[in-house]
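So, here's a batch of structures to check.
Note that chain A is present in both complexes that follow, paired respectively with chain B and with chain C.
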Partner chain A sequence: MNKRALLIIPGVFFMLMLGLLLFGLGRNPSMVPSALTNRPLPEFSLPSLNYGSIQDISQVSTEDLKGGISIINFWATWCPPCHIEHPYLVEISEREQELTFIGVNYKDDLDEARLFLEEKGSPFEKVIIDLNGRLGIDFGLAGAPETFIVDSAGIIRYRHVGVINHQIWEETFEPVISRIN
Partner chain B sequence: MRKIILILIISSAFVVSVNAAIVVYQFDNESQQQRFNDLSDQLRCPMCLNSNLSGSDAPIAADLRAEIYEQIIDGRSNDEIIDFLTQRYGDFINYRPPLNSGTFLLWFGPLFLLLAGIFIVWRIGKNSQKLQPLELSSEEQKKLNTLLENKK
Partner chain C sequence: MIPELGNFSLILAFCLASLLVIIPMAGAITNNQLWMSLSRPLSTGIWVFMALSFACLAYAFLNDDFSVNYVARNSNSLLPDRYKFAAVWGGHEGSLLLWVLILACWSYAVSLFSKNLPMDILARVLSVMGIIIVAFLLFMLLTSNPFERTLLNTPLDGGDLNPLLQDFGLIVHPPFLYMGYVGFSVAFAFAIAALLSGRLDAAWARWTRPWTNAAWAFLSIGIALGSWWAYYELGWGGWWFWDPVENVSFMPWLVGTALIHSLAVTEKRGVFKSWTVLLAIAAFSLSLLGAFIVRSGVLTSVHAFAVDPERGMVLLTIMLIVIGSSLLLYAIRAPVVKGSASYTLTSREVFLLINNIILVVATAAVLLGTLYPLIHEAIYGEANRVSIGPPYFNTVFVPLMGLLAFVLGIGTFSRWKRTSVAYLKQQLSKILIASLAFGIIIPVIVTSEFNISAIVAVVLALWIVFSIAKDIFDKTSNKETFIKGLKALSLSYLGMQFAHFGMAVTILGVCLTSHYSVERDVRLAPGESEIIGSYEFVFEGATLQQGPNYQADRAVIQVLRNGEDYITLEPEKRLYFATGAVQTEAGIDVGLFRDLFTALGDERGDGSWVVRIHYKPFVLWIWLGALFMAFGGVLAITDKRYRSKKIISDSKETTKVKANRSTKPELVAQS
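And then the complex of A and B:
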């Protein structure tokens, strides 16, 4: 090996490190890969919340979520980002009629949750009550809000951590949904 | 006097609420307690990313500690509990992740960098040896001597 060739090594090394660091810079550190992506929904059967004109309090189970693409949104009234994304969820649920929006009221005060949905409108077809956060653990939840895309066979296809807005819906949700279709 | 009693009553309410926030887990024996401590030290909080379950105030960390506690009381083994959490949160949850294709770089990356560093230092050392002055042949020595003589 001549001296010239040896001089290339630090250069190559530097470029590799630079590449790695630039790659890391563009990534969101809170975007932890979900262990549940492409895995079936966890088995559960939990009561649903009655509010406004929805007085049905039957149990909701894994089976009820199969048959169409559903958007499962974990939210709570104690969670400020949930308040931020709420009007946008209402708007998309009105626009995207073919999707089933399911809310999971996560470790919340049920009276406040009812009041919240009655005042601000509800994007959800059903709201599942997860009083102690057990369903959250089964979904690998870190906190609220988190949103999952589930296909018609009940397979989780995508997990989104944090607020949903216009840009995130168009850039991440829409491509996943059209891929499933 | 009434005021003082009132203040005492009001402040006692705060004392109670502070105590209620600290969860004390009751174990059947010391080894269970030890396992609980080990697991909550070894497992990572999914919310705060850089802290373990025992060191985190995040609500999810408290929930996961409660989950671990219940599973220990139910008689599950450490491996079963770690499996339970790994299924839901991925290898990410474990500060001592298992060795597989996804974690290979994590385990051996530093060793690889160390070896690369040793190799580079070794190459540089070897090269600098080459720069040492060579012995002069007798002819060259003569030439040098005459040059030095002429300078005087």
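And then the complex of A and C:
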């Protein structure tokens, strides 16, 4: 074999890597791999928040989330991006009636959380109280807001870090949901 | 006015760099002495204007000029002055400015300490560095100008520096890291210049060695500082996370280590030339890859700057041009003729080759693990993203380093050309027995448990230390006293032994901390305590404290040793006003043989808190080892050989070089 031909190998390797990096640039970086993806929901049983007309404060557990596709959104009043995404969530939840929106109020002041939902409207069917962040740890939360798509069998199918808006909903959430269906 | 001056200096530096690319290179091709000699003043000019530009941005930060967008985003009027200064490199644009400034510093240093260098080589080297400066200045001026201003509606106050970065670590970590990263551009430029001129010889290797050592020493310290910073600032008690951004700083270090060893073979024996050139190109290419990964957001990381695909595109283009053309040049010009020197299977050449193979395989493994999420996604689609964690890296990397440590011991005694197996056996048998015996007995006696991984680590560390000690004693035994013998040894030899000793120290630190750390997360009410070994940690409660731009819950943890007062640790949990971010500040008692680490978690009502208490034996040794390595690198640079007035040529090509212009010894590390 011609020895000079061997000297091309580093160049070829480099071009392959460059192609890979180019591919990497084109993708959506806010979709974060989660160790939980395609795994069942962590087991939990936590109290729910009463606010406005909702006075039911029964415990919510993993079992309650099975039977339909649910969107689990971790939020808190102390988190500015949560204020930004809130109106979108309200709008989307009104449009997407077949999805169950579950809020997890993450390490928050409960009175402020109530006030927040009463003032701005609530996209959530239920709000789970995660006062000490225990559930956040089980979900591998990096911060708020984060949103998970859970299928009817209680398997986490997708994790999104950061704010949700219309564009993100259409481009990343809708494809995942239609695939589950 | 000042920011405009800074911007203008950047543009001037860009113009000078463009001239540096064209004129000296054209001079080298046409053999025009005047054109070539312009490389020195041009490098000086670039350095002056980059420094001026940097000073202007620092001025804007220190004077709270929030009309400058970059200052408004990364500073705040309440920020202490030292952090205002460090905030210059706290974001993408400013850290890029620092990157280019350091590049300019290196090329200025080359122009200063190059009295021994033939003019055409110097002209080519500085021209190649000029290409990189031009590319990055263009990138900065077009997409990331730190001097952009908002003159109407100037913000009243800034958005504040990321609290994670408000720390002594930020002041020192990036400059050292960049000195290392960017320093490999010198070895790169020398390699390209050698390929262009066709003079790939021992002299080339000798010129490259001190620069490579210097960059490598800076990078060693930079990585160690980053690791130490993560340890006390992130509040997890971890010191290495195999995060993509850590990996991209580690890969140039691994390849740089291989390069240092390969350069030794090329200089002394004139073999492995093509391989050495490839390593020089690879080390700097990996630095560029690092810049790309940190600044494009292509991989998710705790360190990444704001995600911007457009910047990524520009950086990718720079990589394509710089690395692509150098690899093309390599394929065309690298020598394929086998070096004339011969060597046998147990020669020093071969042991250094094994060192290179291990280090390159380790680099490839880290690269694969870092890029694997992308590869996986390219094959299986977006829905199946994966992340590669420490289990993969530890499984692959740790055994390779074990092997490296083993070969290191043998390599110490090997000789150039050929070493007889009998000689190696005679030299090594006692060392093997001693390191096995002490390595097994000491951990078992001290801890009264049999932990096989810890024993392997201690055996390997002792193996290195004993072989260093024996080699030094052998080499000094012909002198009347040990001290006289030591003085007779060359500084580059002592530098090598220091660096190898550092490796043993780091191995011990890493392995013993990993295996013997005690970690507790406990809930403590005031007055309650937690006992680890002979230490008792008494939680005295937490109080609210005011800082300049934050408020903090500060806990007081009284530590008793054997029931007696020992020290008070005060871990903090800070809330920064401007960003609303929460940041932990660990309370650590640093010791040579163990650290006591405490961090404050969440309050649980009734005055009790979650407190993280770690007992970490030998953790300091991780960074101590890095210091030894860096010191070894610096010591090797100061060797007389590199400062000789004449180039002692051992190949025909360099004999025609007129290199005796030097007036005084010049080539010393600029550390």
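Just so we're on the same page, the second predicted complex is superposed on the first by the 164 of 181 C-alpha atoms of A that agree within 3 Å, B and C clash if a C-alpha of one lies under 4 Å from a C-alpha of the other, contacts with A are read in each partner's own complex, and residues count from 1 in each chain.
Going forward, a contact is a pair of C-beta atoms (placed from the backbone, for glycine too) under 8 Å apart; a residue touches a chain by one contact, two chains touch by 3 or more.
Owing to the predicted nature of the structure, the values given are computational and were not obtained by experimental measurement.
> After superposition on the shared chain, which partner residues are touched by A:176: those of chain B (first), chain C (second), both, or neither?
Touch status of A:176: second partner only.
> Report for A:153: first if it touches chain B alone, second if chain C alone, otherwise both or neither.
Once the two structures are laid over each other on A, A:153 reaches no partner at all.
> Examine A:141 and indicate which partner it touches, taking first as chain B and second as chain C; both and neither are also allowed.
A:141 sits against chain B, while chain C stays out of touch.
> After the superposition on A, what does A:11 contact: first (chain B), second (chain C), both or neither?
second
> Could you look at A:25 and tell me whether it touches chain B, chain C, both or neither (first, second, both, neither)?
second
> After superposing on the shared chain, does chain C or chain B touch more chain A residues?
Here the partner covering more residues of chain A is C.
> Look at A:115 in the shared chain and tell me whether it touches chain B only, chain C only, both, or neither; answer first, second, both or neither.
Neither chain B nor chain C is touched by A:115.
> Kindly list the residues of chain A that each of chain B and chain C touches, one partner per complex.
Chain A residues touching both partners: 3, 6, 10, 29, 32-33, 35, 107, 132-133.
> If you look only at chain B, which of its residues touch chain A in the complex?
Those in contact with chain A are residues 46-47, 49, 58-60, 63-64, 67, 86-90, 92, 116, 120, 123, 127.
> Chain A touches which residues of chain C in the complex?
274, 278, 281-282, 285, 289, 292, 296-300, 307, 309, 312-313, 316, 319-320, 323-324, 327-328, 330-331, 334, 336, 371, 373-375, 377-378, 382-383, 385-387, 580, 602, 604
> In the complex formed with chain B, which residues of chain A make contact?
1, 3, 6, 9-10, 13, 29-30, 32-36, 107, 132-133, 136-143
> What residues of chain A sit close enough to touch chain C in their complex?
Within the complex, chain A touches chain C at residues 3-4, 6-8, 10-11, 14-15, 17-18, 20-29, 31-33, 35, 37, 78, 80, 107, 132-133, 158, 176, 179.
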